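What follows is chain A paired twice: with chain B in the first complex and chain C in the second.
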Partner chain A sequence: MKKKIGVYVCHCGGNISDYVDIEKVKDAVKDEANVYLLKNTLFACSDSSQKGMVDDIKTSELDAIVVASCSPKLHVPTFRGVAARAGLNPYNYVQVNIREQSSWAHSDQPTGATEKAILLVKAGIARAAESQALTPIKIPTTNATAVIGAGIGGMRSAIALADMGTEVYLIEKEMSVGGHVANWGNLFTANINGNELAASLHNEIKKRPNIKLFTNAELTEKKGSIGNFDIKVKSGNETLPLHIGAFVVNTGFAPYEPVSGEYHFGEYDNVITLPEFKKLIDTPASELVYKGKTIKKIAYIYCVGSRQDEEGDNKYCSRYCCTAAIHSSIQVKSKFKNITNLHFNRGIRTYGKQELHYEESSKNGDIYLQFSLDSIPQIEKKGNKTIVKVKDILTAGKELETEADLIVLVTGMVPRKNENLTNQLKIPVGRDNFFNEIHMKLRPVETVIDGVFIAGTCQSPKNILETLNSSMAAAAKANSILTKGEMSLEPTLAMVNPAACNLCDNCFEACQFDAIVQTEYEGRKVAKINVSNCKGCGMCTPVCPTDAIDLADFTNAQIESMIDALTE
Partner chain B sequence: MATINPEFGKELKKYGAFDYNACYNCGTCTAICSLSTETDSFPREMVRLSTIGNEDDIKASLKPWLCYYCGECSSNCPRQASPGELMMSLRRWLTSVYDWTGLSGLLYKSLPLSILAFLLTAAAVIGFSIRENFDLERIMHVGHYFEMIAIGSVFTVILLPNIIRMWWFVIGKPKIKVPAKSYFKALGELFVHMFTQKRALGCDNNQFRWFEHFILVIGYLTLLFTTVFLDWFSSSNLFIIILGYIESIIVFGVTIDFVSSRIKKSKEVSKHSQPSDWFFVIWLLLMGLTAFIVRLFIDLNILEQNSWMYLFHLIILAQWAVIIVPFGKWTHFLYRSFAMYMAKLKIQS
Partner chain C sequence: MATNAQPRILVFSTEKISDPAIDLAGLLKKHYPFTVYTISVPCSSCIKPRWIMRAYEKGFDGVFIAADGTDCSYGESCGEKTSHIVTSTHQLMRDKGLKPSQLKMAALCSVCAEPFVKHITSFMKELEKLKYEALSTK
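Our next item is the complex of A and B:
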């Protein structure tokens, strides 16, 4: 069928026309099949040009348009809008990039740039001729969310979601809520106790009828896709089926456990970890005593299990430990008399307001010594004395030693081992083995699995403030998708022609998003696309031996005709 | 291997240091110091040695004496750790370390003890005058000889051994090999710095303070010479009489400015005064002023009727000679110039 195609070649001020000979381009494509109208524009994106296009489409009853201007990243939404306003299906518009790909890339060779632009425009016309009208796919969504993990982050997510009108199922593995924080005493910068913080959030949860809390519970089954997941939650002996639209995963961290012998941990009885030390100073007593010995001099060794060398897995900084250790050292000094704190660190990272703690501790007379990874502090026993030796960077690498009654290993965070959940949700993990977001700045709480959001320390080490920030961000993101009751997906998805499909398995292997399922067609088993999982990546189309799979808006017919035009 | 000694900080604070623990080793103080060099870099290093309490390294260091306290480091410190005042405190501490009698340390650390020492000295002078029935001529005669004897004995008994101790901490104990002829070659350095304080000119915007200090030192030394060796109070030589007047005016004139800037706390250097600083400038002022008035009374022929004036001058002089010169701030005159001398020796080692 012959189509009426309108072609617009843009000057982009001089950005294109200074190097690409626009008249030559027009001349070369004017006789192409299907070209009904051919115009050049000074700025295709300007209001007047857009209006002109709308008029052209209406008066000439165009079937498709081609805009040869800049990168599709910039103006595809603009010209899709033009098409829609003129009553043309937006997918009958094709963008050709003759600025980034021609004039800018080949500004030193105007002749070549013009030749390339001609081919690109010809290919665009060929693609437009094969274009089809498509409609975005609408799927209904359930305004309910499963929040996994009822630590302070999970509880905060649940409260935020509930207040925005989303039904929340809060699923906690342990018998009680609050996670690690519930076991902690005084918390830095806030001057509140961990158990109080957890209890106040728990109270808020109880006040909200649209939050259902399951303790001693875990996710046992997950089916479906964004907007409509069918899950099963096992709580105690009961298993409940639930229908939800999204997940907020807030499963937290595990404290790093030093390996046996690391700084003589497990060998010397006065070498303990930071969590153990926090517990020790939280117990009410007038004197600091550990294993029957009065403690006066405390050596803190930083970055244990974090920022490791080539041999260790944990390359990252755990972010909270510097401040937590300094905070504890201030606590211990204010609670007990004649305490001396010695901080063996690798550079103090008390960023933001936490810096005030560092300053307070320094002014208290705490001594900071800095070591590098190639010369870590050595701990020795001399009789019943424990000696710490260090090459102090701040004293020009001088070797210093001190006696210490207690050695506190400032341990960081590691990802919590939770194979069941990882298998169920298939959230990818990063090099640090924490769950991975799509983009740390632009899409910080979304994962590549649509409908699965992550927050808190299951994503990366965070302090409480950062955990709560990301928990609320994830809640807002989940709610914004579910609250409308339906969501539209790009129609650029794979399609299976069941008549041609022999169900060879190739496409199942190629698909990374579990978007291909089996179905029945005329008594045969064939492949089918689950549209809510399909990302339109196109990995399945080239592996199909019978060409049974096609990708909408990038059909085989379109691509082949473009190749023909380019190789003419 | 040195042992970390957190207790050192407590001791040093008795000499005036405060809050240097707040240092987070950014090095701004060293970067901004116009006297610090790559080989002799301070004050951060001294702050660090104080923090970890490395007494041996501080004793062996001349750096506290190489600082002339412009105060730039303290006013630019992001942690208000006052590195400048720490250097000042280290000079006080070193003075007490060099002093074999241990009296310097006691006087620096205890104001009541210092006051007691001043009162006892005054009582001794008054007691002596009572024994002499306030015979002015006799008292002035003894006073004149007292000056000579005090200068000689304080130098040989206290100051010379202390300078030898300083040499021991800086060069002897760390086993720095200095060729014998260097000790002679470097003597020039000693005298230049003793009489000009040339190094202080290296401090930014310090020309006026250096000039004041310079004429004060010259005024003080020549006044000492004029009274002791030219016997100003008994002289009838017009030249000597006028010379003495000029010198004493310089001494109390300049010290009035020093005292007032310490009261006004206008500059970093004058913000944190310890009792030892007050004693030093006030007694210097009183010495110049009382000497001036005594000679004025002689010339007006009214000293006989006002012999208390000479007694007052003698009390000030005695306190200066037996307390401030051997055990107080006066010693910086020697230690600063000997530090420059020993720094030269270390270079030639």
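Our next item is the complex of A and C:
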């Protein structure tokens, strides 16, 4: 039967339309069979576009829709919702990925990207024409979560999950909890010490019987899928099997370690990193002394290991280091007498309330000098003296030089290496090599691995407040999926055509889930799918010698019509 | 059918595991030839030989199965079963005068953006060579 299909081609701002000629795509598919309505949209996912689609489906009585935009991982739930709101079965909607698999993958060849997008949209239309109305299947879920990493973020996730009624297994690789923060001194803005913050969270964990903390522990095995993972955790010499519904990964960052010779790090004994400096000023003393020398004049060099040029891997801003350096400079001045702070920066990024700190430092008499990446400060020794030279943007590029007793390299964050966890969970990493969320704004704590959520600085550089916020967001997301006790799965069930079945044993042998049973059909014994056991893998379909089994939503008709469309 | 001379590859990838790797390649702007098209399936062990043969019949030069391997959420036998599909399809291909090297399979996990691009680039080169040899013998 001929279907009335609505096709929407998205510009995604310019993410798609900068490389794919949307008008050409529309022109090429307008005469395809079943296309009843064809529109382009600046952002298909926007509220106004979604409302327009709902109106179109209702007004034009569409039988199916095709949305050509981004990866299905991002917006399938969005547009299934659109279909449902309009009274259309959500499985009569087809997503076509012309962003990740066309405009971005072939941004070097816009003509090719357009040609590919045309064929992908045609294939989507062909699939939609063969689509059937389907009903999702429900599976029970386990309301238990493994939180990996017991830094402040992981502990906050665990507390939030526990308070929402989820059983939590908090897994920490080290012998103690709190991560980097537990070793830090005074923190802005709370004005408490890092170890106090870590201890207060740890105390909260101890109060909750539904949090089980494992230290010196690692995830060693993971099987299953969202809602029902079987995992093994090695804690000391013991390996424990656990059954969980989701993961929250909160494994934190590693501090950037300057390469040897970077600003003479490792060559001059008075060049240190910000974490080393923070430890130094936290040490009780009446005078600031480093390696036997009294320190009075401190030069802070910002953005070391962050915002690197084309040759460096770390293009990102580490977000916390401007504030941390200024905070340290205020502390050092309040704790020790006659300190001069010189901040060699590339533009101070003390956003939000942290701006108050910058103001305080400026009022304290700290000196700010700004450099650009093509003219970084030069450090040299003149006898016993260390000289820092810079072309200061704030004084019209004038070359200034000053002596400094101590050079503090304001180092940022880099991704923590954790091959074992990456191998177990297979979380993709982004261009910055941190774990990658599906979408920074729309799905900020979800990964492409269903049931695996990320939070904190394993995802991107964050300050403490941002870490705690994302940790609670990940906890809320995991809980929202598990707390209902069941979740919907794709209705991709195998379907036997009894007329074609000769009842050989092939499908019984192929199925790992005992989902094939015998039944009677017109006096013959034939195979039948036990839908409560079928997982929708389709392993039974290619082994059938008479091709009597199809997989719903991946039928011969759908796949072959797509192949045909891709070769038009 | 498109008129460009570049070989055309149909990729069967899996929704949960290898699709994210191919998407990640795009996100990271790791370029590969645009004549590579993907059809997603739940698991590589559900790919029917008739679909692969249909692709050749309609003009694809190569088919690449981006299998889940041991990461498959449906079970560890997925890799073995996908290999059987490849083996039985090879026979069908020989019967039609196609070379078994026109069908490739490799396990790709969700972070395998770089391996995907390497596999596809090298497969494309092989197919170009095959295409050139076929033209030379005509």
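Criterion: the second predicted complex is superposed on the first by the 358 of 568 C-alpha atoms of A that agree within 3 Å, B and C clash if a C-alpha of one lies under 4 Å from a C-alpha of the other, contacts with A are read in each partner's own complex, and residues count from 1 in each chain.
Please note the rule applied: a contact is a pair of C-beta atoms (placed from the backbone, for glycine too) under 8 Å apart; a residue touches a chain by one contact, two chains touch by 3 or more.
The structure displayed is predicted, hence computed values, not measured ones.
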{"item": "Partner chain in contact with A:T402 - chain B first, chain C second, else both or neither", "value": "first"}
{"item": "Partner chain in contact with A:L342 - chain B first, chain C second, else both or neither", "value": "first"}
{"item": "Most chain A residues touched (candidates chain B, chain C)", "value": "C"}
{"item": "First (chain B), second (chain C), both or neither touched by A:N420", "value": "neither"}
{"item": "Touching partner for A:E568 - first (chain B), second (chain C), both, neither", "value": "second"}
{"item": "Touching partner for A:D366 - first (chain B), second (chain C), both, neither", "value": "first"}
{"item": "Partner chain in contact with A:S46 - chain B first, chain C second, else both or neither", "value": "neither"}
{"item": "Partner chain in contact with A:D108 - chain B first, chain C second, else both or neither", "value": "second"}
{"item": "Residues of chain A contacting chain B in one complex and chain C in the other", "value": "none"}
{"item": "For the chain A and chain B complex, residues of the former touching the latter", "value": "340, 342, 348, 358-359, 362-370, 389, 392, 394-396, 398-402"}
{"item": "Sites on chain B touched by chain A in the complex", "value": "1-4, 6, 9, 19, 21-25, 45, 48-49, 51-52, 54, 79"}
{"item": "Chain C residues within the chain A interface of the complex", "value": "1-2, 4, 8, 10, 15-17, 19-35, 37-43, 45-51, 54-55, 58-60, 71, 73-75, 77-78, 81, 85, 109-111, 113"}
{"item": "Chain A residues within the chain C interface of the complex", "value": "71-73, 97, 99-102, 104-109, 112-113, 115-116, 119-120, 123, 224-225, 422, 426-431, 436, 448-450, 490, 492, 510, 512, 535-539, 541-542, 547, 551, 554, 556, 559-560, 562-564, 566-568"}
